[in-house]
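Presented sequentially are two complexes of subunit A, the first with subunit B as partner and the second with subunit C.
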Partner chain A sequence: MSREPCAVIGVGQTRHASRRKDVSIPGLVREAALRALDDAGLTFADIDAVVLGKAPDTFEGVVMPELFLASALGAAGKPMMRVHTAGSVGGSTAIVAAHLIQAGVHERVLTVAFEKQSESDAMWALSPRIPFQPTLVAGAGGYFAPLVRSYIQRAGAPPHIGVEVAVKDRLHALRNPYAHLHMEGIDRAMVEASPMLWDPIRYLETCPSSDGACAMVLASERAARGAARPAWVRGTAMRSEPTMFAGRDAVNPRAGQDCAQALYREAGIDDPRRQLDTAEIYVPFSWFEPMWLENLGLADEGQGWRMTDEGATALGGRFPVNASGGVLSSNPIGASGMLRFAEAALQVRGMAGEHQVDGARNALGHAYGGGSQFFAMWIVSEERP
Partner chain B sequence: MVDVAIVAFAQRPSVRNAVGDEVELVQPVIQQALEDAGLRASELGFVCSGSCDYLIGRPFSFVTALDAVGAWPPLCESHVEMDGAFAFYEAWVRLQHGDVDTALVYAFGRSSLGSLPIILSQQLDPYTVAPLFPDAISLAALQARALLDGGRATERDFAEVACRSRRAAEGNPNAQLRQSADVEALLGAACLRPPLRVHDCPPISDGACAMVLATGERARAIASARGRAPAWVAGVDHRIDPQDLGSRDLTRAPSAKLAAERAGAHRAPLDLAELHAPFSPQELILREAMGLGPQVAINPSGGALAANPMMVAGLTRVGEAALRIHDGRAGRALAHATSGPCLQQNLVCVLEAR
Partner chain C sequence: MSIPPTPAGPALEFDPPLSPVMRIDCPVRLDYTIAAGREQSRFLRAMSRGHLLGRRCPECRKVYLPPRGTCPRCGVMTAEDVEVQPRGTITTWCVTNVPYEGQVLELPYVTASVLLDGADLPFYFLIQGLPADQIRMGMRVEAEWADTLGPTLDSIRCFRPSGEPDADPASYAEHV
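And now, the complex of A and B:
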């Protein structure tokens, strides 16, 4: 049996901000869901199933919040699923939703991811005291800083690369009205002057904590027939590996490499550097741009930083990365991966507005999570598979 | 559709306070299920698990559980913050693609580490209901009261469900509560949360289980090598009702009814049904919703009243039904899983020998 074609026919996201005190959690997810439905020209009544994703429930203090959100998302009487795969969850949620279409189970699926970080303190929610284990880290930055240092040493990368990424993504965000951070006048001096949090990661090289949500309407070929500018899902892939064991390369993890190769195979991509036009890559700390470019095979090992340095990854460059401003500009954790997937879809639909990459036909959406161990990716295209 | 069958199922005995962390709980059952199916982790086309962080009060409990699979080389893997039965559903969907032919599904839950009825109260609307901390037993009692007030059941009916379940569990070495006083004696006990008595409520259980799925020829090959019938998935569906307790008729489970219809429960007679009804009145509601008459044996394993490891008990219903297909005790069986307060969300799966 071959897969049914699947298209993104609606995309919606909230205005992302530190504190969306103007909306409840149902209000937040509905803001994104209704925009996605509007974009698709549909209403909740047209939807067959809802797939919700978010990061740990401890971030809002609600156990399995999909249960109380069922009505707000129009899921009553329908199948509803809740995905949780750590930071990659926004991506894997979209993949679970796409698989429902590709398996021929449903015609139209609404997929939503959110985080309302202002309800708690994610850094401490990510730093639990576990009995009989030393508390090793202070938030995600404390975990990832040694990996960044290791990358810099291996690749012989000059120290300003992280700063360049931080500036570039915030400049991109100025073109994205939904982005959390709109930092007029951002430049290298501003980033360099910001406090060092986890050496070598400075405050402005770090993602913000955001409230926000993202939603997409996915449709079968039949249901997508009337849709203006669908983005076709050409391939999806997920890979996971354990957090730690002797010999694991956490800087350039094999799960990420395997995931990318499986993705390219499924999408029929032989030469991703030539055939992909842009990518939305999960970069929560600036240095992860060159690290993931290499892990994805979009740059040779040890050479990713050169792409950043040459300006190739900026809008107008030969391979723009995170034209939306990326995770560095908006980070509603559970939704951050889905935003990457959705922004990739907007690019190939030609609907990215001020941050549109000219002529984007094939785009990669990428998400990762845990200790660089969970990966979810898709490739969307203006062309039907 | 691609034909998918359950070819192996393993579970650990449910106990009140399991010794060990999640990895220690789940690793032996994963190992057992894989060995039973003659598979290595590296051969698996897909892996999916179900668990809930809040049970142990830390984020990402499923991350360490991945150690139990031996996910190296890296695996195609996903996780639902739901009962493992929904991970089973995700795996079934994934196998429909036809590019992979095996999947591992597992679930684990340590309900004993916190105050479970209060933890579950935090599934409710965080603005208007959860701050009142209505515990899970009290909510089930509201549901039971509505049944009594509607004249649809009696306290004796509840006690009969409890007695039958615990006595059925005498034959299930993995169950936690495996005996029951007779109905008269049960009815003599004081109420815990009126009208519920202790016997109407599930035990607090720690547990884990694992299942191997395979498609078509692969399923036939694995099963025949072990002298068992593959438990073919004839239909599977799940539905959710609104949570708002004030707007629901708590004595009905429309989502269970719909899921059973969609899963094709009544296309042919059923030999048995494994129902995930943690509280005794809920079995009555489910039987009515799914139209299960007296000819269908209910919960030969003892069901959730005999062992109720959170996030595991639903997948265990699917596994218990599959075991009875494997050895020919049943030809067609229904398995059900529930989630949320008062039977809010329901999954129904129909398994067949062919």
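And now, the complex of A and C:
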């Protein structure tokens, strides 16, 4: 299957915060889009199509937000579409945009994802009243906490691993001016002292609620000519599976494993542990770092927590994970997946500033959503495929 | 370490200056009628008689409770009703301490994945009747039925420890 090369030539994101009262939703997405266009040296006039993503409409109560955001994103008279795959949507939105380039349909595509949690109630939206059933599951934490407990049991992981990830990602965030949380002096004692919200998940082992947006300009080989530092899309993959079926392993889902293996095949990567330099992995609760390291094949099953414990996943370690601070430091839900993809691109472009991983050539961006059932991933490279 | 300014369009100016509208609340409401479907209707009617009626896939032979009209794995119509026992084994659990909009239960409360005897996948239930720090994987629990039964899972008030010895870990290992 032949594909046109696709490059990331512009990256933009907002300053993420719990309340961006200074901007409306259109203002928020425009802030990210203008920064991405500025980075690419382009204007809205240069864009062929816009691909927008966000998490469920129930969050802000704005149904089909792509309709009212078209003008803010310069989409008048152009193809525009909206992608929706729950929390993985930021990733799958970028992939849909990349495919429009790889298929040779467009030369320059603007892709944007956002969430304005201050205008929404995600906890309410994620605690649905299902007909004929009592309401038991309290938000995303209520769903994921039992899976974390299963992981700890299966892997025999010591309890401090979740605390370590929570501290490490917040220390990384101190180097990222866009991050929502800048927690000077964060340490293990602070995390351990924070309330247990969904046992075994503590408050500080949980992502914040953020307002924010992310945007990228993707370009064909021809349109990327002249771009100073493109990040080349080396491979993309998406997989999904049902929330519940007999024999499902929700801790280490088959869809995630299959997605990673398909991604490595497409990217021509035989040994991801050696060939990848860094990863931005969707970790909304700290224990998901070791869980996804195993799911992605970057650690053996039951051993992911050892990478965290050895410091391998910290900046300066042998495989830095979430150098940007990750979802644990900024969580505009719909944009969180695209931020992982965009931060991976910044790393291989050498443009990650103070959270740059030295010599990063190949980086993985990862997003997941629903009940650990939707996966979207890409690998970007400084080298043209 | 700084954030570059956002390239901006021309600012809107009003004379005299207006105070900005920062926020309005717009409550959203959605009323709907749901058709439970054939298999779920049979399940709900059985609930109102104090029975748990699952459904078996003819291909993989797995039993689903609540039942499914089609097997999520095999994609074929399920074919056979199977009675599932109102007791089972806790495979994992969570203690919820966080208040939220729409919350019905008093905090903290314990929910657990319970693998019911005769079913092939666990389902979430409320657990009561013991302190949260005594709950464990493998614990055996049984349903406490509500005083009034109806076509809803609310017919089971909660699960409580049954007093049986803990289940053999091998019996639920693949569900943890």
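Worth pointing out:
What we mean here is this: the second predicted complex is superposed on the first by the 383 of 385 C-alpha atoms of A that agree within 3 Å, B and C clash if a C-alpha of one lies under 4 Å from a C-alpha of the other, contacts with A are read in each partner's own complex, and residues count from 1 in each chain.
One rule holds for everything that comes next: a contact is a pair of C-beta atoms (placed from the backbone, for glycine too) under 8 Å apart; a residue touches a chain by one contact, two chains touch by 3 or more.
The structure presented is a predicted model; accordingly, all values stated were derived computationally and were not measured.
By the touch criterion defined above, A:Ala352 reaches neither subunit B nor subunit C. In the superposed model, A:Leu339 makes contact with neither subunit B nor subunit C. Contacts of A:Ala237 after superposition: subunit B is touched, whereas subunit C is not reached. By the touch criterion defined above, A:Gly61 reaches both subunit B and subunit C.
Contacts of A:Ala70 after superposition on the shared chain: subunit B is touched, whereas subunit C is not. By the touch criterion defined above, A:Ala155 reaches neither subunit B nor subunit C. In the superposed model, A:Trp198 lies in contact with subunit C only, and not with subunit B.
With both complexes superposed, B is the one of subunit B and subunit C in contact with more subunit A residues. Once the two complexes are laid over each other on the shared chain, residue contacts for A:Glu31 go to subunit C alone; subunit B is not touched. Contacts of A:Val11 after superposition on the shared chain: neither subunit B nor subunit C is touched.
In the three-chain superposition model, subunit A touches both subunit B and subunit C at residues 58, 61, 242, 245. Residues of subunit C that touch subunit A in their complex: 1-4, 6-8, 22-23, 26, 28, 34, 36, 40, 44, 57, 60, 62-64, 71-73, 91-98, 100-105, 111-113, 120-121, 124-126, 132, 137, 151-154, 174, 176.
The part of subunit A that touches subunit C in the complex is made up of residues 15, 21, 31, 34-35, 37-38, 58, 61, 119, 121, 123-124, 127, 129, 131-139, 141-142, 145-147, 149-150, 153-154, 175, 177-178, 195-199, 242, 244-249, 251, 353-354.
Residue ranges on subunit A touching subunit B, taken from their complex, read 1-3, 24-25, 55-68, 70-71, 75-86, 92, 95-96, 99-100, 102-105, 125-126, 128, 130, 237-243, 245, 253-255, 258-259, 262, 370-371, 373-374. Looking at the complex, you find that subunit B touches subunit A at residues 1-2, 47, 52-54, 57-60, 62-64, 66-67, 71-82, 86, 89-90, 93-94, 96-99, 119-120, 122-127, 130, 237-244, 254-255, 258, 339-341, 344-345.
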